[in-house]
Amino acid sequence: MFDVMVILPLAATGAGAILIMLVAAFETFRREGISILGMGLFAFAFFIQLTVDNSGDIYPFAEVFNGMLVANTFTKVAGLIILACGFFSALAAQTYFTQNKGFVLEFYCMLLFAAFGMLLLTMVAELITLFIALEIMSLAVYTLVGYDRHSVVRAEAVLKYLMLGAFAGAFYVMGAVLVYAGTGSTSFAAIGAVVADSGYLSNPALVGGSFLILFAFLFKAAAFPFHAWVIDVYDGAPLPVTAFMATAVKTSIFAVLANFLLINPEVHQGWVTFLFYLSILTMFAGNLIAIGQQNLKRMLAASGIVHTGYLLIALVALGSERFSGGAILFYLAAYGVATLGLFVALSYLSGQDERRVSFDDFRGLAKVRPYSAACIAIFLLSMAGIPPTAGFMGKFYIIAGAFQAGHAVLAVLGIVSSILSLWYYLRLIIVMYFREPEQRFEVAELTLAPLGTIVLAVCVFAISFYPVVL
Amino acid sequence: MSALDIIMILLRIAFGVLVPLSFVAVLVWMERRGAAYFQDRSGPNRCNIMGFRAGGLVQNLADAIKLVFKEDVVPGHIRHKFYFILAPMLVFITALLCFAVIPFADVLLVGGSSYIMQAIPTDIGILWFLAIVGFGVYGIILAGWSSHNKYGVLGGLRAAAQVISYEIPMGLALVSLLAVYGTVNLTEMAQYQGQLLFGFIPMWGVVLQPLGVIIFIVAAFAETNRTPFDLAEGESEIVAGFHVEYSSMKFALFFMGEYVAMFVSSALIVTLYFGSYQIPWLATDTLLAYARPVTVLLMIGLPVIGYFFGQWIKKNNSSHYRREHDPRIRETKVYIALLWSLVVLLEVICLGYLLFAAGGGADRILVALLQIGTFLLKTFLMCFVYVWVRWTLPRFRYDQLQKIGWEKLLPLSLLNIFITSAVIVAFG
Amino acid sequence: MIEHYLSLSVLLFCLGVLGVISRRNVFVVFMSIELMLNAANLGFVAVARLHQSMDGHVLALMVMAVAAAEAALALAVVILLHKHKGNLDTNIFSLLKG
Amino acid sequence: MLDNLLSLMIFLPIVLGAGILLLPVGREAARALGLAASVLVVLFGLKIFLTFNGSSGLEFVERSPLIESLGISYHLGVDGISLLVLMAAALLFPMVYLLFRTREKGYYGNLLIVQGAMIGAVCAADLVLFYMFWEVMLLPVFFMIGLYGGPNRLKATVKITIYTIAGSLLMLAAIIYLGMAHHQATGQWSFAMDALSGLSLAGPAATLAFVGFMVAFAIKIPLFPFHTWLPDAYTEAPTATTFVLSAIMAKIGVYGVIRFVVPVFDESFARYALILACSGVVGMMYCGIAALVQKDFKRMLAFSSASHMGIIALGIFCMNVQALTGTLYQIVAHATSTGVIFLLLGLIEERSATRTIDDFGGLASRAPILAVFFAVAMLASVGLPGTSGFIGEFLIILGAIKFNAVIGILAATTLVIGVCYMLWLFQRVFFEKPAEKTATFHDLTAIEVLTILPVIVLIIVMGIYPQPFLDKINPAADRQIAALAQVVAVADSGDGAELNNQGKN
Amino acid sequence: MSTEVILSGAIFIALALGIPMVMVLTVIFGPRSGGAAKNDPYESGIKHMVGMADQKFSVKFYLLAILFLIFDIEAVFMYPWAVSLRELGFLGFAEMTVFILLLLTGLIYILKKGVLNWR
């Protein structure tokens, strides 16, 4: 039963979410137990996903799901990234909530539900399923952002996110209407066939619809004109949730965006110019915002925008023969590891009620907690793209892809932006290493996050030489 | 569109509008007399027109007139007058609109074309009902909120919470029913119920869905805010709930709306579970085939019924004690005379039919009339159940109400769906 | 015929967008979003009729479900915020302006 | 084990350094480990030097695929061009551990890492690999300046980092462009040097890539308009870092130009050689004059070093065998002399706690051995005949005059400026009347003498008997120039070679 | 939709909308009298004893509304399924069983969390 294997990680995640939901309702476990359970479920799903061998496109249970799902190496790796992000976010949460208020047992349940939506999102091959998956993910993430009822900040963040997210969702739905009107089908394969048959630009409903869909995705991925929300929301969300949003959500959105773009080369062709300028604007807008930030969470949010810009470069270059999906996934993995690492480190360094989140709060960290500082430095260097970290190889692939697709300008601008981004990445390193310590950075007992930080720091190097799979 | 079409449309609409409205009067009467009966007292029996009390029905007329001539108070503290006025209208309109899709006879073939016997002959049937019923909550909520009165708001909230809570088991009970009938079209559902199970049991919904009918009826009671679920009004706790600030015709609209809703949900229960217009063992085709024997039976039966009814009137329309010049004696005489003349009229019509018009279209019209009668009779009986329950059971506490809805009915209805679908899948 | 339906759908959608952009009350904003979704639903059903396929109907159902879930969440958040602030104007939510 | 000599030389220090940084190692242990590692590296280096025969291209080749899909491989090798740079990077390090005993363990750990990375950059024959080592080189420097530098270290750190990373990222773009160009030409991905040098690149994109490379290397060297990070960094950095920066890292920039830019972008290189040469000369002059007016000992030497880098770079841009040989020779010569100067300076600073020239005086009487050593190194640095510096500078000036008389004469004149300030400095610091700050100054200890002596001997040996060294260099230089000459000849006959023509005439 | 349906629908709805207009009758026939007390909320004669209309009511009402939204919409999915159950066969049955189980899980969760404990 090969299909079962393909679908099993998905099922495991969903079932796990429900399991935790019930466990939470019956209060079988306290916080520690449920944390371990959540992490264990993520790890379990990860290993199943790892053992799945899917080369070529598989349509699992085509009879039941009507070919609405597709599994291939691309979805497998995207799923792995998402599950790993989930695992480390869960780990960060375990530590975070020893020092912060607002824990509810359902936290891990929502985390798993979000991961479920994301896994589904990477596998969709059809517009309806896409919408469902998108919303499963979004709703779970909204909940994660705002579950702390006593915090006004959280409530505000979730409201902002929810309003704009629902807005984007409406755009997606309208886009789906138009695509459906233009092609008479919602399945990617059928849409691709229609495009191949009658052309893309000659079909106004399809063009308009796909652009509306694109808007929705760009919003979720925080690309340029739709990036404003991301800073506030990341800032307002609890740290582990921010980590999860910054990494896993981005992974799933880009996975599905790549899938959608590859419906047919003509669709991609129709979008290239648009994405081209958008990626430039996204990178520079992100950089400008990031440079001005004093708060680490906000800085990371803004730098997330910049990385979205790089990923858009990869999308522009999509379809050129080699780097297609691989570069995107590799970059996402590299970015995910570094970002998660930072957030995992922050989850125990930020102290009670997230009181240390600005640059200045980390003065002299290297003197007090040298290993944490070293790990953070590694993550920052990876984000900045300094070899031999994974971030470097990620950028390498993306820029190589851009060159190969004939967008040398984009490649050069990507590099310029990466130089700009040094400003805020180095700033933290400088603050950590070259200033005198003022704080003691005490850490609660029995926490896993320091260990996780080190594991991720090792991953930064380990991934770097992992070849692009596709 | 032929003239016949237009006549049929008008007739059906007239039926759809007038029957619920006239039933309001009947139901109010039935309620009050029923209450009196259960409580071993007389009920309204004084109002009369020239000594004719019509068993208390005149009281309704008096009430109506009274309400029309009452002052229409819109208290000054109400800020949203528009919604305040809109609310009773919504309650009434939604109740009335629900009836529009309920079939009261089988599809009628006249003049070469077929007429679906619903006020609005659409095939979306139950979906229309669900949509409109959901809309009714707005009226209640608006009334409570725009009254700007704590009792009103609380009543409105309670009513809304109650209605939406019971809408779920109701909807789920419907799901299993839909699975049985395989259609959302109410006329088709009614036709389905004309079949026989194992050749001798009428295939009514109640037979096929014993659990579903209980769930549905309970939910329907709650939906109509009737005792034992009338917490929205709860005179003893929150005065009158959402319509505490209403007076005169606005109040009358709530009042009428409630009875129309009761009538409509009775009609729906009958339609879904009690064979609709179907006379047991006499499906439409059978009736058509045996139109004449049936008519003969009818002609024999009518005087018998008339006799017993006359006896009943005589018994009940008399004083418990003798007195001089009792107006009831005259009244009874007039009633019995009217009854017999009606019987004679019907006999003549039947005879005329047998002699001159039997066969073809007339048969069908006869069948339709019979079915309408059956339908109204069943609905009437169902309405009586409402009254019966109201004066028998005490009111629930609010938490009990919600517990029944969510903890009992909802799992039960899910279970029902599971069993039903399993049976259907297993046995076709 | 389909053009009319689609035009209406797009028109409603644009109205919704306009509402989201111009209105300041959170509830009105959410209602506008619901309007957008329902505009899309209209479009789905119309197109489903055009193409004689069921996909559109299904998608409309799904959109309804999602809209409900979103509304549920929005309701919770709005109640929460109202508790904190006692007001529902989007302008007052300024803790996170940066 | 000795099959992978180069890898050993690279990763022994890096692993050890990382270990020292990460594990709780004491300061003394760290220094001892560092010393041991660097001595081992020296031994390996000597072994390579002695077994290198120079006749063929790369020797001691190690090659294994790293990322096969992109043709990136772990490809190391040494040829005549890289040999001397490699030697400089290998030989000079033990001195640091011996001279500076009381630093923190991070100091030694970073030094080890930077050494490994530099050796890696020199040995890398794959562009991506080179780039990786190139970037890794920077990080320890960043931390050393930032952590152990002078009072204004932050500014200096940020400056050097931003400059260098900006340059190297541009280089990254250029590298990727090269790989892509190779892919377009042959259908295969490769970043190997030998594969890429076979490419004939033309067009605006190629020029841009050339600029990318040149900017990166120019910043590292530093060439004239990109030199502004240098005075700050050299001044604020701790002695060992200044030593690393001036003695070796700057040379790797030069090495990069010779190794990567010239063979691959021969055409662009030939076209813009004159501009580059001018920039070298201008840098020389500018930094020389700037050095004259400095009050700070270290700052002055920093400018002096930059000025000398100008002439070394000039040697490449002249595009003839003499100049190239001179450059390669001068790389080692300058590395040794400047290295020694900075180390001595560090010792002086440590003992007197000042760097202002006016505070010194009469050191020669108090510390005669130091004065002698300093004198030798200084003279080598200014190119006195009989020292290593002379051979290199002579060859370069010779080549420069051959390339363009004006530039040659200007360069020669600038050398005189160098003599001026160096002698002036020497006079002010070591002679004149003793100043109060140097009252307690004591001479070099035995260990210090023994540490520095070999290098002083090397300086003199290289000055007197350069032939063995030149023998190792010459074949490679010849090959390189021969390859370049063809292109220049082609370019001469074709369009766009006006600059060269003017230069030649 | 046939004209028949549209026509009868329009007439019926118009009638249903028209009947409540009998409200106007009271405006015409009803008496009119002032009085300050008539402008106060009806409180059975007790004035402002136990809170005003804009007091906060139990949050359970809102929770209930949310639950309703979700369960009702889930029921919506069942209608088309139910109608076409015979065509869907065992597969449809199995899928809906899963769905029902999920619903039940949600219900159990809600009940366990005490959402419906009115006290």
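Here are a few things to note about the model shown:
By letter and in written order, the chains are A, B, C, D and E; residue numbering begins at 1 in each of them.
Just so it is clear, a residue touches a chain if its C-beta (ideal position, glycine included) is under 8 Å from a C-beta of that chain, and two chains touch if they have at least 3 such contacts.
Predicted, not measured: the structure shown is a model, and the values here were computed from it.
In summary, the chains found to touch both subunit C and subunit E are A. Note on connectivity: the fewest steps through touching chains from subunit D to subunit E is 2. With A-C and A-D as the two chain pairs, more C-beta contacts join A-C.
Of all chains present, the one whose mean CA position sits nearest the global mean of protein CA atoms is A. We define each chain's centre as the mean of its Cα atoms; on that basis subunit A and subunit D are separated by 43 Å. Inter-chain spacing, taken between the CA centroids of subunit B and subunit E, is 20 Å. Computed centre separation for the pair subunit A/subunit E is 40 angstrom, with centres defined by C-alpha atoms.
Subunit B and subunit C have CA centres that are 38 Å apart. Looking at which chains touch one another, you get A-C, A-D, A-E, B-E, C-E.
Of all residues in subunit E, only 91, 95, 102, 105, 108-109, 112-113 touch subunit A in the complex they form.
Within the complex formed with subunit C, the residues of subunit A that make contact are 127-128, 131-132, 135, 139, 142-143, 146, 149, 152-153, 155-160, 162-163, 166-167, 169-171, 173-174, 176-178, 180-181, 184-186, 231-233, 235-236, 293, 295, 298. If you check the complex, the residues on subunit A that touch subunit E are 18, 21-22, 25-26, 63-64. If you check the complex, the residues on subunit D that touch subunit A are 21-22, 66-70, 128, 131-132, 135-136, 138-139, 143, 146-147, 153-154, 157-158, 161-162, 165-166, 169-170, 172-173, 176-177, 179-180, 183, 205, 208. Listing the residues of subunit E that touch subunit B in their complex gives 1, 3-5, 7-9, 11-13, 15-17, 19-20, 22-23, 25-27, 29-33, 38-44, 50-55, 57, 60-61, 64-65, 67-68, 71-72, 75, 78-79, 81-86, 89-90, 92-93, 96-97, 100, 103-104, 107, 110-111, 116-119.
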